[in-house]
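Think of it as A, B, C, D and E in the order they're written, each chain with its own count starting at 1.
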Amino acid sequence: MSWAWFHRFGSPPYFYRLATRWVPWLSWPAGVLIVGGLFGGLVIAPADYQQSDAYRILYVHAPTAWLSQMAYTLMAVAAAVGLVWRMKVASAVAAAAAPIGASFTAVSLVTGMLWGQPMWGTYWAWDPRLVFQLVLFFFFLGFIGLRSAIDDVSRADRAGAVLAIVGIVNVPIVHYSVTWWNSLHQAPSVLRAQGPSMPASMLVPLLMSFLGITLYFYAVLFYRTRAEILRRDRGAAWVRELLTGKGKTA
Amino acid sequence: MSRPASSLRAASLILQRDLTLAFRRPGEWLQPVAFFLIVTMLFPLALDPELSRLRALAPGALWVAALLSSVLALEFLFREDGRDGTLEQFALSGQSFAWLLLAKTASHWLLTGLPLAIAAPLAAVGLGAPASAIPGILVALLLGSVSLSLLGAIGAGLTLGIRRGGALLSLLVLPLAIPTLVFGARATAMAIQGEPAAAPLYLLAALTVFGITLAPLAAAAAVRISLE
Amino acid sequence: MSRPASSLRAASLILQRDLTLAFRRPGEWLQPVAFFLIVTMLFPLALDPELSRLRALAPGALWVAALLSSVLALEFLFREDGRDGTLEQFALSGQSFAWLLLAKTASHWLLTGLPLAIAAPLAAVGLGAPASAIPGILVALLLGSVSLSLLGAIGAGLTLGIRRGGALLSLLVLPLAIPTLVFGARATAMAIQGEPAAAPLYLLAALTVFGITLAPLAAAAAVRISLE
Amino acid sequence: MGLHLWRGERHVLNGLSLRLGAGEALQLLWPNGAGKTSLLRGVAGLLPIESGTVRWKGADTSTDYAAYCSDLAYLGHDLALKGDLTAAENLRYSVGLRRQIDAAAISGALQAVGLTAPHDELVRRLSAGQQRRVALARLALWDAQLWLLDEPAANLDAAGQAQVAEAIAAHLSRGGSALISTHQGLPLPAAFNRLSHSPQEFA
Amino acid sequence: MGLHLWRGERHVLNGLSLRLGAGEALQLLWPNGAGKTSLLRGVAGLLPIESGTVRWKGADTSTDYAAYCSDLAYLGHDLALKGDLTAAENLRYSVGLRRQIDAAAISGALQAVGLTAPHDELVRRLSAGQQRRVALARLALWDAQLWLLDEPAANLDAAGQAQVAEAIAAHLSRGGSALISTHQGLPLPAAFNRLSHSPQEFA
């Protein structure tokens, strides 16, 4: 087993070209799946016997909530790889992931609040799941704030990595908070050991929209990472070649 | 030979400069707001769940958080300009020192007090205040934050040269700020309960006017001593 | 030629040094306590008078004040040693850097956390807690303040080289401190209501142990990066 | 009469008395701790003087301090430059407090001190020596008659030191005066240059 | 192979390669901004080195960094002195972290650098030059083989500069090495003294 692939990924020009190639391949299916999932969820799936149509916000809320945690994990792992192996591309991935993760977290919070009003009669409650999801949001903000407060890019990468690694403890807390404490928020009905407890007509659109939003996440991530790599390597020979040689790409 | 600068021009240069600096580092003036939002969030967390649904807590939580984040931000009012010698140059510029410091205080308020006043209604709604209370809360916090910045300028001047001035600064400013806190919280409580809050708001406004006239002079004296 | 110093000796020198420095300027370590007492006092002022007599508010007020004054004090944990080059010399001393920073954190706790834990029962009684609650509150705050110092060391290390790091520091540390706040406030509430508070105290102790093992390593990594 | 000045419990300047003519520079080569910084700050009015008076154009400076200030330029250890502004912006804001100034004058002054870095680079990214050059450009722009300089050549390489000396010489030739603390002694035109090696000389 | 080091987006040290023998001093007289401070901090392990290795006694310093540190003494712009401790206390605490030391050795070292102020005066009350002397005494007490000194003679009067040169000469004669950044050039015994005027010499 060789580590060649690892080093190949670590090379900015290689990753740049890879990302350029992948962005369209991610974006199109993402669009199709999201449209399909929302159509299935908002039009085809039956109304819930308890919550009538309000539950349909689920098709946005649950995927963004799941993804916010995936985004944090990915960011922390990438930052850690950048810290330990001095892999600049990994640090760039982490830096690019943070704002996307923050937006997904914000969307999940807002949709949750909108859903909370009809369900619990209040937009917000001081409930563990909600609070720790908010904490996740603050970790994203802290990561972004810390990075922007340090002007030396490599120092910012490493300081951010320490913070991201420390914050990773929060991710399992968010997930298990409903099981550990008695919570207002409902217990997992999809991501649980016994398998999902949901009729297929609801589950399929949910999975479609989840997959679509995931692909969308990676598309944006690759896109932003590309820009981040260009910004960081703007002095390097390969970027100058890229800008002068094939002017259209940039 | 060279035409001297007018005092209005000098003040506007200071405002421009501080806003340019803030614009280059947006993270900095967002921090006191973030601090404010987090602190308001801490209260309900630290209380019994049933108690935390009490609307009546909102004014107290809001104002204590607003007061603390203003005080926290105050530390930066003169600190950097003091450290890098800029205040010395202000003192030697031939302009009225109190006037220049008033301009600095104004830019500090724009960058910390104003965002706070804007964020406060949001936080209040999160704590269960009705939407109808928003204008009252906004006005109370606008007035309150101006008077806190002015009072704070005196404390910031006094603690300028001091190592670990931050904690001392809060000790000096918090007692001074108690009237603002009391009237502000009362106005907010009345706004939340839907009563007209004019009386405490007038008192707040009076505090602010009083601050504008006296605080810059006191601050200038304090800073001058700290520069020695 | 020369005999190297043991790591125990090194840690005890750091403690001695910090205590000597604190002894020369007693004002400094009294400040966080004073801040704590003032903030607990602000709550009743900002609340409706009837509400403020509620004992149930005491845990919330105590813990929010304790958390804020620890965070405020944190800014000084590494700041000065960083600025005057002492931390650089720690890093080059050949001793384990994490160990030296643990010693610094310990002296910081002795000078800020311990006085806070001692003052808290007083403040609680002032807010209407019965005398029987004192031991529970004391233990909760002892454990809580240790874990806050440890968590805070990470944030203080990360924001070391940063201008206006204070507000960013709170932004980073407050979310980390939420479990401590929640368990601490719960233990305090139980102590005030006369129930046995063992369960939240165990959780607090677990947080503290977790902090002692991991925080110094993270703090050392953070400080090293900030020194560059 | 003499100037007396205390720092804490130390009587730093003990009945000192000195005068400086137009077009004249006085370099203080006093040893460490002799009170150079204290003297300069005392003359600028930043440190209170225990007894004695500082006179400028015959009048006690404390009677019309603002007028005295507009004739005065003080450059201390701290350069009063903002790291997050460019060199040109720094000059615009700090000179602008004292007099009206346009962009051309600023970039001229920056060129005159030989700042090689681009003028729109943030000052934070300049090295210690380059930052001193920016401060030197500001000094020239202030257009003051009395310069008080505390170790103006510290941290500067040989070329930088020559530039400082040149700037001061130009100032003297325009009829300005300068009181300078320094450890190396700057090469100024001999006719206008006085050196002092210890405060006793003025007792 | 060469040492590469970046500060921000600037490639400060570009494939530098230098070696220092026992008893040898290398004075870097590079111009402002050339990278003296960066080089010293890189060699001390305080700044990460992009590529290349620092070797000490034949071994890569990053493999046993603690051992390397105990051979190393770094004196930067910041003196790492506490203003609220006396000179003797400062030395006791900071030297004590590295080796066992007694009070006699400390007051001996303070006398050796010619600190005229009483040894129980708080460092805060000493002038810039006196504080540098205290740092110099600490340097001697650390008893390290490799000295990395960043502008050790800044702020010092003529007597102080001579003392620095003397201390370094004594260190060299005991077989130590020194890498020094300086603008004036210190008068060291010629046999052991190398001067460098620009980083290009080591490219």
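Throughout what follows, a residue touches a chain if its C-beta (ideal position, glycine included) is under 8 Å from a C-beta of that chain, and two chains touch if they have at least 3 such contacts.
In this text the structure is predicted, and so the values were computed from the model without any measurement.
Undergrad: From subunit A, how many touching-chain steps at minimum until you land on subunit D?
TA: Minimum number of steps from subunit A to subunit D: 2.
Undergrad: From subunit D, which chain is the farthest off, judged by mean CA positions?
TA: For subunit D, the chain whose C-alpha mean is farthest off is A.
Undergrad: Mind naming the chain pair that shares the most C-beta pairs in contact?
TA: Greatest count of contact pairs is found between chains B-C.
Undergrad: Taking each chain's centre as the mean position of its Cα atoms, how many Å separate subunit A from subunit B?
TA: Using C-alpha averages as centres, the distance is 36 Å.
Undergrad: Return the distance between the CA-based centres of subunit D and subunit E, expressed in whole Å.
TA: The separation of the two C-alpha centroids amounts to 31 Å.
Undergrad: What whole-number Å value describes the gap between the mean CA coordinates of subunit A and subunit E?
TA: Computed value for the inter-centroid distance: 48 Å.
Undergrad: Quick check: how many Å separate the C-alpha centres of subunit B and subunit E?
TA: Going by mean C-alpha positions, subunit B sits 45 Å from subunit E.
Undergrad: Among the residues of subunit D, which are close enough to touch at least two other chains?
TA: Not one residue in subunit D touches at least two other chains.
Undergrad: Could you list the positions in subunit C whose residues touch two or more of the other chains?
TA: 163, 168, 171, 174-175, 178, 228
Undergrad: Please output the residue numbers of subunit A that touch at least 2 other chains, ranges allowed.
TA: 131, 138, 141, 145, 149, 151-152
Undergrad: Per the contact definition, I'd like the list of subunit B residues that touch subunit A in the complex.
TA: 25-28, 30-31, 34, 38, 41, 44-45, 49, 52, 125-126, 128
Undergrad: Would you mind writing out the residues of subunit D in touch with subunit B in their complex?
TA: Answer in residue numbers: 41, 44-48, 66-67, 69-70, 72, 74, 76-82, 84-85, 89, 92-94, 96-100, 143.
Undergrad: Any idea which subunit E residues touch subunit D in the complex?
TA: Counting only subunit E, the residues touching subunit D are 8, 10, 30-33, 117, 125-130, 151, 154-160, 183-184.
Undergrad: Of all residues in subunit A, which touch subunit B in the complex?
TA: Interface residues on subunit A, with respect to subunit B: 122-124, 126, 131, 134, 138, 141, 145, 148-149.
Undergrad: Hey, which residues of subunit B end up touching subunit D in the complex?
TA: My answer: residues 1-5, 9-10, 13-14, 16-17, 20-21, 24-25, 83-86, 88-96, 100, 227-228.
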